[in-house]
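Naming follows writing order (A, B, C and D), and every chain is counted from residue 1.
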Amino acid sequence: MSDHAHSTVGLAHHFDDLEQQKESGTLGMWAFLITEVLFFGGLFGAYAVYRSSYPDAFMRASAQLDVNLGGINTIVLIVSSLTMALAVYAAQKGSKGGIIAGLVGTWVFGAAFLVVKYFEYKHKWEHHLIPGPNFLFPDAHGVGQHGTPEQLYFALYFAMTGMHAFHMIIGLVILVWMMKKARRGDFTVHNYALVENFGLYWHFVDIVWIFLFPLLYLIGAHSGTPGAPH
Amino acid sequence: MWKDLPLHPEQASTLAQPVDLLYLFLVAVSAFFALLISVLIVVFTAKYRKDRPNATSAHIEGSTLLEIVWTGIPLGLTMIMFGWGAVLFFQQARPPANALEFTVTGKQWMWKAQHPTGQREINDLHIPIGVPCRLTMTSEDVIHSYFIPAFRTKQDVVPGRYSQMWFEANKLGTYDLFCAEYCGTKHSQMIGKVTVLSQKDYEVWLAGGGSSETPAQAGERLFSALRCITCHNNTAGARGPDLAGKFGTEALLTSGAKVMIDAEYVRESILNPAAKTVNGFQVGLMPTYQGQVKEDDILALIAYLKTFGAAKAAASPATGNAAK
Amino acid sequence: MSSTHTVPLKIYFGVFIALCVLTGVTVWTAKHDYGALNTPVALAIAGLKASLVILFFMHVKYSSKLTQLFAFAGFFWLVLLLVFTLQDFMTRGMLPTYVFKH
Amino acid sequence: MSSTVLSPSAKASPSSPEGERKTFLNADYGWKSWLFTVDHKRIAVLYLISIMVFFLIGGTFALLMRAELLTAKGDLFEAETYNKLFTMHGVVMIFFFLVPSIPAVLGNFLVPIMVGTKDLAFPKINLLSWYIYIVGGAATLFVAITGGIDTGWTFYAPYSSTYANTNVAGTAVAVFITGFSSILTGLNFIVTIHKMRAPGMTWFRMPLFLWAQYATSLIMVLGTPVLAITIVLLGLERVFHIGIFDPALGGDPVLFQHLFWFYSHPAVYIMILPGMGVISEIIACFSKKRMFGYHFIAFSSLAIAIFGFVVWGHHMFVSGQSAYASFVFSFLTMLVAIPSAVKVFNWTATLYKGQVSLETPMLYALGFIGLFTIGGLTGVFLAVMGLDRHVHDTYFVVAHFHYVMVGGMVMAFMGGMHFWWSKMFGRKYPEWIAQFSSVVVFVGFNFTFFPQFLLGYMGMPRRYHQYNAEFEVLNVLSSAGASILGTGFLMTICYFIWSLKWGQVAERNPWGAKGLEWERAPSPPPTFNFEDGERIVVTEDAYAYTHEEPHGGSLQEARK
């Protein structure tokens, strides 16, 4: 035991070695990500069906979104993905400071994304674009209408972005925990699977947004219909 | 007791016998394989029992030839079943062109039906023998399913859209009508009877049915009463497209897509006018009639629009392709 | 397999720049109307971006065949879900089941 | 199995002075040692107890339904009560018994032992999955006690989303939660089978039970999340009325059916595939013979798992789905029937020139083959479009899926429990009474469900609280059969419990079976499954009951 101590720190009893443990963890993470793909997949399926049923209504509804805010948020999320990748890089190199810097950067940009999202949601709230009894979508006369197909767009908008934001909030919580572990020096060159697997999760959340952005924000952008009221 | 136990419901439509024939084919195939497997199990179990003298197990890895055989034969049989079933399904799905048009509306927990000549009945349907009948169906609340075992057909009745079924009865009598899709507390009481009458008796029945107007006439009345006609007319600068002779044709939308003007589209346009607006007209100008018209009214309007087209086409044969 | 493959920093930054550029491209293309191609173009760009993230940020390019298979399987099943659901909605009325005319 | 490791008798076994061997059962005492255990075998026992509770609850609902259906009139319960009974029966049996039964009990117990390792890859996640199951189960019981739900287990919108007055939201939460238990179990098995196999345990040396568990796990991981999000959407629709499935707001109720069946059809294979794995083990053991066509059975499991995902539309032929989509789904359904047929033929062929004995597990296994054959063939009836238009939503469907679920899956579960009972608890069940009760179950089952095929073709719709008088004779038969079936199950539960204390102490390998769990693990196994410090090395194919004759070369090839 003593001469293998360096390679068995953090090894669970039922694994033969750290390599098997790490590979198992990575594979488990990927299997989990598959479930995430299909979890969002149901929403994408509903989106595809209603988008094909109501293309015009979806265009009009989509034009209520602010492409600039969505674009900024896309960049913000890409930056956070980069910092996350750098944290994994630092972990591979055994740089404790690098890990912490990467995680903090990821947290800050992740939080920034949610702040922007908050303002977007607030705007929808003020303009009666929350699906439900108070939903009103302006018709040709500017009169708010209930129960239009545009409401379906917003139902999906909130379900998809809400589910995405929920994943980000969970990610931010885990990031805080990981920062503590990193400060304690829990991650070593041999044992950083947690950083790597969380990185997979974070990048996945980024990928979801990469698809949400064009589907939700951009489909109405060319139509020339008035954009989001400011 | 067993003599009284029928194994299939009466065959009372033209498609009942073909369905039973297909059923018997599948029963025969299934019985053959179930018996084959059972017999093999019994024989092997008896012949190769462990306590037989000098019992040993042979080392057998398998047999690719056998695998091919018992993959190929079931595959061939299921393909026959699939093809046969598909052909039958399309026959069940595609009504003859000369069918009588009934409309059916399901609601918790009753079936409302209307005859082409306007007579209405609840939980009953009287139809003439030997005439194809087409049912255009929708629901006012949840999903129901119109099921007539003696005709070997059923179709879900879905709120928000039209589904369709047809049959041609070929035996006089009264047959069960069930709701087959679970629809709430009194699902099992959403039942009724379909009565097949001779054509003469059907005429008599219709005469006693007390109808004041046909669906098309009702639709014409509604077309004015709901003020559809104030926008949908053929005057220059009309705010909505002229609807005469349009049913069954294609329309160009503001989005550039084309849509077939059929029952579904008319229905959607009444309830969600902004969803698919015809090119050249303002999106969102027409108010929604959601909540102001009942399913029966919409069906009547559709019936009217069909005749509206046909009347115009008959009047001016030069543009006769407007109505199909 | 080697459990650790360190991706050079310049690849990370290169991918990052590519992702930013592609974000700009997708916004720019969205301002123009390509008719029926609007959605395919937007999805193609998004797919390209996602592939970059998967291959480099998520190290799939350097991972075992098994991981690559898993990564592929998730998206493949998503496609199954979408294709087989949409085949219904896209073909409603293709056979004259629900068309109410004559 | 021959191996490089010493046999247990030659090894200093870690027995206490009194001679009581340490097993996973007596390794530790007290409720904490059970509720906080991460030992896969203890978790399997926890699962066994909890799923049996749900089986009894679901079974009680079923018997109450059959009591109501004894007469044509709806005279025993109110219609709404009856509707709640069949809904709760479906929800409890499917989500809390059938889906977890074999994977979470037998799979949890056997997968690590069969691959030759100490535990599943993620022991804590395994325990978490049980807790999630319990929370979901508690939520379901809470719903049942506080008024129940009457939508049918399929939760079809818009009835469930808008019209039902019962506790749809609570049930949705319960099912949503339970789904994660299933996902975590599947994930654990996949990683364990990929990464934890002992040296020498190649893919094609794995027992077919593992292949079946692997295929099942794929479905759990790929399908369950779609059910989860569908239920989230249903809950949102129900609570906030946002229009996703409400036609009045532009939504489409048929979309719900697509999303629902994307999970729930493959879920049928979650329920039956592990049973097929169990049957393979039993047939090989009680024929004392290598499985006929091992590779074909193994790959047919994968084929079922994969093809099973693209056939869901056969539940929707009359739903308003496009005829074209129905055509495609019907065709693909025919293809998924083939691997099941291949399995049945291979099992039967395995008996040929073997040494067949008819202990209780084998009786259940042979019963399974017969009943599953009927269940599978009648499934083809439903996949044939022109015929489904008549039999859809009738008792024909009810009979069909009970032949697969009870005649298949429950028979396999019973067979598996009898087969591995002595391994799990170190005691034997009483053989004669077990054989008798297996016959009772078989007879009771057929009396219950065969008449329902006839009822279905006659046109009796399912979920009917009262029905036409001409259906009464067959319904009486069915209800009588249900009471026989229930008696058989109760007998089984009684003697199993009895045997825990008074059963004959079991030796390591009472059946003379092949496989790591029989040859290398004591009964019951110690906490880390094999004797101290023993590292399993596998040198043989599965089911090495017979030895290769000289002319064959496949074993050498397998050893490469």
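Operating definition for what follows: a contact is a pair of C-beta atoms (placed from the backbone, for glycine too) under 8 Å apart; a residue touches a chain by one contact, two chains touch by 3 or more.
What you see is a predicted model, and the numbers here were worked out from it, not measured in a lab.
Undergrad: What are the two chains with the most C-beta pairs touching?
TA: Highest contact count belongs to chains B-D.
Undergrad: Which chain is most central here if centres come from C-alpha coordinates alone?
TA: If we average C-alpha coordinates per chain, D lands closest to the whole-structure average.
Undergrad: Distance between chain B and chain D based on Cα centroids, please, to the nearest Å.
TA: 36
Undergrad: So how far apart, in whole Å, are chain A and chain B when each is placed at the average of its C-alpha atoms?
TA: Here the centre of chain B sits 44 Å away from the centre of chain A.
Undergrad: Could you tell me the distance, in whole angstrom, between the mean C-alpha positions of chain A and chain C?
TA: 16
Undergrad: At what distance in angstrom does the C-alpha mean of chain C lie from that of chain B?
TA: That gives a centre separation of 38 Å.
Undergrad: Which positions in chain D are in touch with at least two other chains?
TA: 194, 222, 226, 248, 250-252, 254-255, 258-259, 262, 320, 323
Undergrad: Enumerate the residues of chain C that touch no fewer than two other chains.
TA: In chain C, the residues touching two or more other chains are 66, 73, 77, 81, 85, 89-90, 93, 95, 97-98.
Undergrad: Provide the list of chain B residues touching at least two other chains, using ranges where the numbers run on.
TA: 90, 93, 161, 163, 272, 275, 290
Undergrad: Write out the stretch or stretches of chain B touching chain A in their complex.
TA: 253-255, 257, 272, 274-277, 282-285, 287-288, 290
Undergrad: Taking the complex as given, what residues does chain D use to touch chain C?
TA: 194, 222, 226, 252, 254-255, 258-259, 262, 309-310, 312-313, 316, 320-325, 328-329
Undergrad: Using the touch definition from the top, list the residues of chain D that touch chain A in their complex.
TA: 117-123, 183, 186-188, 190-191, 194-196, 221-226, 228-230, 232-233, 236, 240-244, 248-252, 255, 258-259, 262, 528
Undergrad: Please give the residue numbers of chain B that touch chain D in the complex, ascending.
TA: Listed in rising order, the residues are 1, 4-9, 18-19, 22-23, 26, 29-30, 33-34, 37-38, 40-41, 44-45, 48-52, 55-63, 66-67, 70-71, 74-75, 78-79, 81-82, 84-93, 108, 141-143, 145, 147, 149-150, 152-156, 158-161, 163, 176, 178-189, 272, 275, 290.
Undergrad: Looking at the complex, which residues from chain D come into contact with chain B?
TA: It is residues 74, 79-80, 83, 150-152, 156, 158-159, 162-164, 247-248, 250-254, 287-296, 317-320, 323, 326-327, 330-331, 334-335, 337-338, 341-342, 344-346, 348-349, 351-358, 366, 369-370, 373-374, 377-378, 380-381, 383-390, 392-394, 454, 457-459, 461-468, 470, 473-474, 545-549, 552, 554 of chain D that touch chain B.
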